[in-house]
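There are two complexes below, and they share chain A, which is joined by chain B in the first and by chain C in the second.
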Partner chain A sequence: MEMKPSVEIIQLPLSFLLLGLSALVVTWLLCFRLLKAFSASKSSGSSSPTSQSYTGSETEKDWTLPSMDSHAHRDSLFHRWDPRIKLLSLFVYIFCVASITQVPTACIALLSAIGSVAAAHIPFRHPLRRLAAMGGFLGMLLLIMPLTAPAKQGDTLVVFQHLSFMTFNFRGFLLALLICLKASAIALMMEPLLGTSPFSITIHALARLGVPQQVCQMILLTHRYIFVFFHEMKRMNAGMKARGFRNKTNIETVRTLGNFVGMLMVHSFERTQRVYEAMTARGYNGTLPDYISFQALQQDWIKGAFWIILGVVLVGMDRLW
Partner chain B sequence: MHQTQYPRQAGSEQRPLFEIRSLSYRYPDGQPALREIDLTIHEGDRVALVGHNGAGKTTLIKHLGGLYRPQQGTVLYKGIPLEGNILDTVRLEVGILFQDPDDQLFCNTLYEDIAFGPMNQRLEQEEVDHRVRHAVRKVALETVLYKAPHHLSYGQKKRAALAAVLSMRPQVLILDEPTANLDSRQERLFWELFQDFPGTLIVISHDLAFMYGICDRAVVLEQGKIHHDYVMKELVSQRAYLRAHGLDFTFRFDTHAHPHASPEGHSHRHMNSVGHSDTHSHPYPDLHSHSEEHIEEAPTFPSRSSRSEDEKEGSAALSSIPDISKEDIPSTLLLLHDYSYRYPDGTWGLRNVSFTVREGENVAIVGENGAGKSTLARCLMGIIAGMGRHELDGKPITPKNRSDLWRHLGMVFQNPSDQLFCPSCQEEVAFGPRQMGLPPEEVKLRTKEALEAVRLTGYEHRVPHHLSAGERKRLAIAAVLGMKPRVLILDEPTAHLDQRSEELLVEILQRLDITKILISHDMPLIMALCRRTVVLHEGKIIRDYESAELQHDEHLISINGLDYTYKNACCREIMALQQDFEAGQSR
Partner chain C sequence: MHIADGVLPTSVAIGAFAVSIAVFAWSARKAKTEDLPKIAVVTSAFFVASLIHVPLGPTSVHLLIPGLVGILLGSSAFVSVALGIILQSLLFQFGGITALGVNALMMGVSALLCGYVFRAIKGPSLSGHVFAGAITGGLGVVLSAIILALFLVTSGEDFWGVAKIALYVHLPVVLIEAAVSAFSVSFLYKVKPDLLDISFSATNLNSSPKEPGSSERS
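Moving on to the complex of A and B:
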């Protein structure tokens, strides 16, 4: 005999659903406008061609993700921190945040991440653009999970009038919210973690922490050549568009895209060979020269201890809540 | 009889540095790259390696740099065969500057890239730092020392790659097309650095005028063999030698070095940085809508008949440029008015540009690297969109019809590989017409005609990727011509081409009865194809005048550093040598 789980059901008029959806759309639009405003404020730093005639409103929008270490030259507590200890302790902290199970603790983690970004003197438009990149995925999660989470004992279900087939599971919503909060907190922590030292120094620090040399070299070369391949891809795409190529849903488009990807791979393979030759020609024999010397001071250890303790406290609070 | 032994002075005390004996090499696909090469390069030699694309020049220098192992024969460095542990030493003593700077800048900051070589030489940290700063100062890149290479312009990357080699203080400097795609200012910087280089210098370039100033020996390679080993002066002074090897580059500066006097009564318009013009007249009074209000006197176009006989003879290439008389000034085809474009990072690519192109006109766009030339071309093509008025045939280009501009304008990119992606030449040329929705018979006909126009008949089933640089460039042109555009935009069409390919390309372009916009640093090409030149500087048009005036525009050097005078001097010297030689022969 099948046991029906005992759940609390709340009946709401349809207007509540419409209101919720509207709030979601408005929030999304507000975020979009906020990002646009940030982009505009960034661009306004450069002088306009004639101050009275152009505001820059029609210029091409930059939706690309900002480069990871573009603010590595600034000065803050995070910038002055030994990258090895910074990596180790913040990684432990992030691991602690990832293991949080309660929404209130996740909120605290998010607030601490926002505080860290501010303390690292990184403009908020950078992390916001990263969050925007994740936004679509997280938004879908917020929408889908409450509607699809299976009902369990003790769950609260919201049923809308005239839409009885669709139940809004409050537990599913909380779970989605928890994931969103944790993901945002971790994404924000990436800024003080990776954005406060030059990328190559961060990777050298990783190597000192025991990550294999080959892996570090691969990360460094990937980071360098991802931009080269991206530019190559953009040029090829422009070349195709200049001859009338437009994405359509037909076999011709699939064939052209196949040729495009194939040619991109051929170019990449040839470049790999040339880069290896250029490296060999300047004395490369399997290891990248290490010219960075790290020195850990007492304050570096104190900072490290603070973040690890904060992580442990968060987990403790989470478990005791 | 070929001269394959460089006539070294008796009693010369220079030690042999490289001794190559019976060197042969085949590519993995079995194609021979080098065949029975015998060559000795002494310490302090300054060697120009010349030959067509695919002659084996790059393969040879890779052997010298210890990157390739000889399949047959031997390569000795200071008397020791290049194999085993000696390779590590050679790589640290021989510096190679590769063609593409992106291959050579593999670190995440410029500092790391320049320090890479000295670090591998196991130098002390202070010495490495000193060398990095010294090298970066030499190439004038101090301000971008900690930037990532992908944030640099092409010219900056090229200079950075040179700094990365110079910081190793190599005994031998090998340069593969060091100045391709560089503006004259940077070309001159390279020229001065190479002139001061104290060690052995080996240069591959198609620019004989450039190499003439820095090399004293010329080794001619043809189909993987050493065809000749000349004294540089001897090679350039004898047109017959140059012609025999397909290296006759004098067709380029028949117009270039020719001392064009600015035509009488002719003057031009200078636009200063705020867009005001100085008082100069112009041969095309109505060709530039934006300039009408500034031109004070009605200029007269110097008709070809009014030119001196001497000028006519010297300007053979110019004869193909169609004359435009005042009476039959064609209609405006393309117009940009007060047009600006800003890159996503906030920097201005174009600022208040006003630019007009008439039907049938050939216009050159010049400017230093990063001046906005390619950006202007992309805006004209509608690939990117800025602010301002953009018109085709008097009709405004709106976001809606911008995507249809490709039907009227065709563009050949700097690197033809960027626009060749089909598995065969036929498919490549047919791609555009197919996108236009033409019937298969018409596509076939256009493909045939376009391939014929660029002399690639018979190449229909060949793979574009396997063609030589010159053939690929011509294929890219065919791919555009197949769409029968009204305007052909060419971005650096002669970069990396050998003399033969270049001559053929110029001939093809001269025959094309179509409006052309040419972006180039190549003065002879501009002189051969375009009567009008527009100079861009920091995204603004600062000059718009007759091409002949560009060579004599001394103000240009102070504004954007473009200096064609030193190249002109080389060309004049070479022509004088040829005239002396020919006079001696006739006596």
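Moving on to the complex of A and C:
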């Protein structure tokens, strides 16, 4: 790999690389442990498939399909905020965070996101699961970007002894770090945004903001069906396990899963027909009754203005730094 | 693989939002009111299928099935995929909320194209359907990987390496998806063939189930 003349190169002994790698592995294991601990109740549930399959127990905690609004009954500044203004202003704020280009401002955004999760009285394991979901993508960026970012003028390259074919571009690392910070800041903001009012209210607020009625209804219906089919899937899965199916890397697994998906589709189609007939029988005419009234007070507008101003200030600081 | 928040430039994200809203409107206009619950159901099936993990050596990949959604819903597939993406983002943070447009285009456009391709190349026979299912299943992943890579390339030269690796990572997924789609299509052909006849006119969607004589397969 040829080096450009204006690039600063730092030579480090191989032991640094090993140290860094082992630190990475340790952090990874710690995160994994943490997640395992959080999802412990899920695995204890699935280890005994027969006991839970046909009872359809709604009381059982389901960790794979989190509900967004399980903390909507609490009370905080976010809960007392008119959902329409909350959605609109936080959406603008989120886009402002997404356009940040410097690491320090991204850190501020992350801190304010952590602060607002705390202010919304939402336990931190909820947003942690969101962060974990992004882990794969962000980890890939953190790993690949330093290695593949092309060297430009003024870059700092880190080269390890005996491994001259690998160059770590510090700029690539910073870029990946910036993305991680921004993505985490936004993911954390999703909790105050969605978790502080019941999901149906949030969707009604979206409808008032001009999102077409049909789309809102579809989101509500789909959201409902997801839980229905997740139960269906668990039941089918228990049946498959009872007949001796084991997940392996072979064509048999793929064939079974193909049939599984096909069966899921057949079930879902048959179900729709019945559900649709039932809905029509109850007077469904393409619209859902609108019984929720929103009221925007002065303090709602003040909160909205606060977040939009915060977003604009962040972007301003970011550009002028 | 969905793009997270803050990866793409804001202009690209907003542009993708605009384009996907346009495609969504076109796709939704083709669907009728009485199809809405049906689309909602396929969307949730699509969503739930993305929770199915296929073991692949030491790791595992989850199903994407954009191809199958296209096969089942035709022109309404984009609506379905976009809704699925929205809910995945809201519930799981699979894909960021600012990248919704990008992710919807990535999966939805490939689902639409797969629907067209499936209809064009499926024959009247079982083997023709299975072949078409395999092709569209693989094609769906290939197309979404290519769209993903294209979007990453727009973010600048620094992302080219990531885009390339994202393409390679999808290669084994293509094979699995092709196989799963082929088996699913074969299953549906035997069990409920009228589902596969869903055409690009929305009327078929509603009339086909429950009427054994309505399918025009030979």
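Basically, the second predicted complex is superposed on the first by the 283 of 321 C-alpha atoms of A that agree within 3 Å, B and C clash if a C-alpha of one lies under 4 Å from a C-alpha of the other, contacts with A are read in each partner's own complex, and residues count from 1 in each chain.
To be clear about the criterion, a residue touches a chain if its C-beta (ideal position, glycine included) is under 8 Å from a C-beta of that chain, and two chains touch if they have at least 3 such contacts.
Please read all numbers here as calculations on a predicted model, not as lab measurements.
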Touching partner for A:I85 - first (chain B), second (chain C), both, neither: neither
Touched partner set for A:S268, first chain B, second chain C, both or neither: second
Which of chain B and chain C A:M68 touches, first, second, both or neither: second
Which of chain B and chain C A:F260 touches, first, second, both or neither: both
Greater residue coverage of chain A in the superposed arrangement, chain B or chain C: C
Touching partner for A:K182 - first (chain B), second (chain C), both, neither: second
Touched partner set for A:M279, first chain B, second chain C, both or neither: both
Partner chain in contact with A:T249 - chain B first, chain C second, else both or neither: second
Touched partner set for A:K241, first chain B, second chain C, both or neither: first
Touching partner for A:P198 - first (chain B), second (chain C), both, neither: first
Common interface positions of chain A, toward chain B and toward chain C: 64, 221, 223, 225, 228, 232, 259-260, 262-263, 266, 271, 275, 279
Chain A to chain C touching residues, read off their complex: 64-66, 68, 91, 94-95, 97-100, 129-131, 133-134, 137-138, 140-141, 144-145, 147-150, 171-172, 175, 178-179, 181-183, 186-187, 190, 194, 212, 214-215, 217-219, 221-223, 225-226, 228-230, 232-233, 247-249, 251, 253-255, 257-266, 268-273, 275-276, 279, 286
In the complex, chain B residues that touch chain A: 62, 65-67, 88, 91-92, 94-96, 98, 100, 102-109, 112, 115-117, 119-121, 125, 128, 146, 148-150, 164-165, 168, 338, 340-348, 351-352, 378, 381, 383-387, 403, 406-407, 410-411, 413, 415, 417-423, 431-432, 434-436, 465, 479-480, 483
Parts of chain A lying in touch with chain B, wherever the complex brings them together: 42-43, 45-47, 49-50, 53-54, 56, 58-62, 64, 67, 73, 198-200, 220-221, 223-225, 227-228, 231-232, 235-236, 238-246, 252, 256, 259-260, 262-263, 266-267, 271, 274-275, 277-285, 288-289, 291
Interface residues, chain C side, partner chain A - complex: 1-7, 9-10, 13-14, 28, 33-34, 36-45, 47-49, 51-57, 63, 65, 68, 72, 79, 83-84, 86-87, 90-94, 96-98, 157-162, 164-166, 176, 179-188, 191-192, 195, 209-210
